[in-house]
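To start, I am sharing the structure in question, which I have written as structure tokens.
Chains: A, B and C, in written order; residue numbering restarts at 1 for each.
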Amino acid sequence: MSPDTAIYVLELIGVFVFATSGALMAIRSGFDVVGIVVLAETTALGGGVLRDVIIGAHPPAAFRDPLYLAIPLVAAAVTFFFHPQVARLGIAVLIFDAGGLGLYTVTGTVKALDAGLGMLQAVILGVTTAVGGGVLRDVLARETPELFKTENELYAVPSAIGAIIVAVAYQSGWLLPAAAAGAAVFVSGLRLLALWRGWRAPGAWAVRR
Amino acid sequence: MSPDTAIYVLELIGVFVFATSGALMAIRSGFDVVGIVVLAETTALGGGVLRDVIIGAHPPAAFRDPLYLAIPLVAAAVTFFFHPQVARLGIAVLIFDAGGLGLYTVTGTVKALDAGLGMLQAVILGVTTAVGGGVLRDVLARETPELFKTENELYAVPSAIGAIIVAVAYQSGWLLPAAAAGAAVFVSGLRLLALWRGWRAPGAWAVRR
Amino acid sequence: MSPDTAIYVLELIGVFVFATSGALMAIRSGFDVVGIVVLAETTALGGGVLRDVIIGAHPPAAFRDPLYLAIPLVAAAVTFFFHPQVARLGIAVLIFDAGGLGLYTVTGTVKALDAGLGMLQAVILGVTTAVGGGVLRDVLARETPELFKTENELYAVPSAIGAIIVAVAYQSGWLLPAAAAGAAVFVSGLRLLALWRGWRAPGAWAVRR
């Protein structure tokens, strides 16, 4: 399997896992099958669509290859029938989700840099790629965005650190495929470490006086 | 009246009816005149703007012809003064809304296909055109999206079936104006039939055990 | 200081003030530092990004100059540590916010007209530039949009009047830098006058019978 094929397969797995989290949220919210499909698609693809709309990649990657739109349909169907089992996968889902976080961060940052954007812009779009779909999911389900909760373990922070590493390596000409893969693994690992050790981002400083 | 003029007039009627539903929601939410105007514009035009931003049609159709933006202002003004009467139109509004659903579905799907997108992509953008404004309306008004509620009659499902018919006919070279009109009427009719017969989309399967 | 430099400096001040309002909302909502940063960025830049995505300016202005993205990070950091003091600035923040409203309205309207859009379209995009970020802030924080509340003093209305003045002057060829500056000051002044005199936009007419 070539590196490109490997990335493609990993991306499709990431799409599936993110879509599953959207479908589960729709089911917890009591939505019908339409809501399940919409949240599956939005969670899986919303971050990348936001990035591509901002950098002007038309149509967005999610609309260039029908598999990107088809896989959330499959995830929605599986979750529709087997959601108690899917919800019980717990740790497996968290691991795959961390994998998606790392992969989306790296591909999103690289796409923004390839489009000619500066480092800070690329870092922000890399993180947007990775976390934007989940925020859209929570907005559609009328939930407080998971991303912003002080009781949740680090999610955007590992993504931001990984995006900074990728952007610095890219600008220095060191972003070989192995380095990109390393950054993705680093993001995923840091996310899982945060889950395991209970690392959280603080709320505003003076509130804790 | 040429077919193009007929479509244009029907589209403007659809814009007016969708805008009215946004204005009514704003009034029910106790919003001021600014909220009434914003929800009228967003409900009427949000789905098409999403579609055009995704396919890269700049500026979106809603911003190419001032009538598209002006008609929601008229709808907002009418609803501002006569909303008890408008709210009482009940069945008439549902019929016009079903008409808008059919028309938006067909024009949205065709625009996506014309832009070179594949069938699945065009189906999803056709449905987005038809239902996206209503979802944005509900998000802005902090309501659970009507589109996702198990107690509501089928809305996105007729749109999706119609979009599939249009996409298949387009790819087969059979999408003559009469066929497109037929698909729009089919969507509207199926929506009204669902309303009349109480057809609903199910929630997740295992929940009902 | 040339007029262009003056506008640039004023814009950056506007970005800082709008970002602060996003950061304060995140803190009031109990969000962590990620939420503080996301709301700071979205509030400050969301309206302009919406405008640029609609007119097809890729990448949006907010992503062309790293300062636009960096200043909300600074505002988020300052608010993170000193939010009780920032929240107590009260009147100063309202004055700067009114300044940002005027400036964003004028630059947003002019950018839309420069992109070839019609007057009504430009007015709507000018107002979107000025108020869009605040609406996104409220949606992300799950608050009723401040913009729509009948108990809040006029905000979008001064912006709309200013945008109309700018669009008319532009089309008449009278939009010299001094006229644009005058329109921005007019918007800011009208907003402050509305705050001082308690002018509000009405809710729907018949509700008050």
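We take it that a residue touches a chain if its C-beta (ideal position, glycine included) is under 8 Å from a C-beta of that chain, and two chains touch if they have at least 3 such contacts.
Bear in mind the structure is a predicted one, so any value in this text is a computation, not a measurement.
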item	value
Copies chain B and chain A - interface residue numbers shared by over half, same or different	different
Between chain B and its twin chain C, rotation from the CA superposition, multiple of 5 degrees	120
Chain A and chain B, separation of their C-alpha mean positions in angstrom	30
Per-residue multi-chain contacts in chain A, two or more chains	53, 56, 139, 142
For the chain A and chain B complex, residues of the former touching the latter	26-27, 29-36, 38, 41, 49, 53, 56, 58-60, 63, 66, 69-70, 79-84, 139-140, 142
Parts of chain B lying in touch with chain A, wherever the complex brings them together	53-56, 115, 117-121, 124-125, 135, 139, 142, 144-145, 147-150, 152, 155-157, 200-207
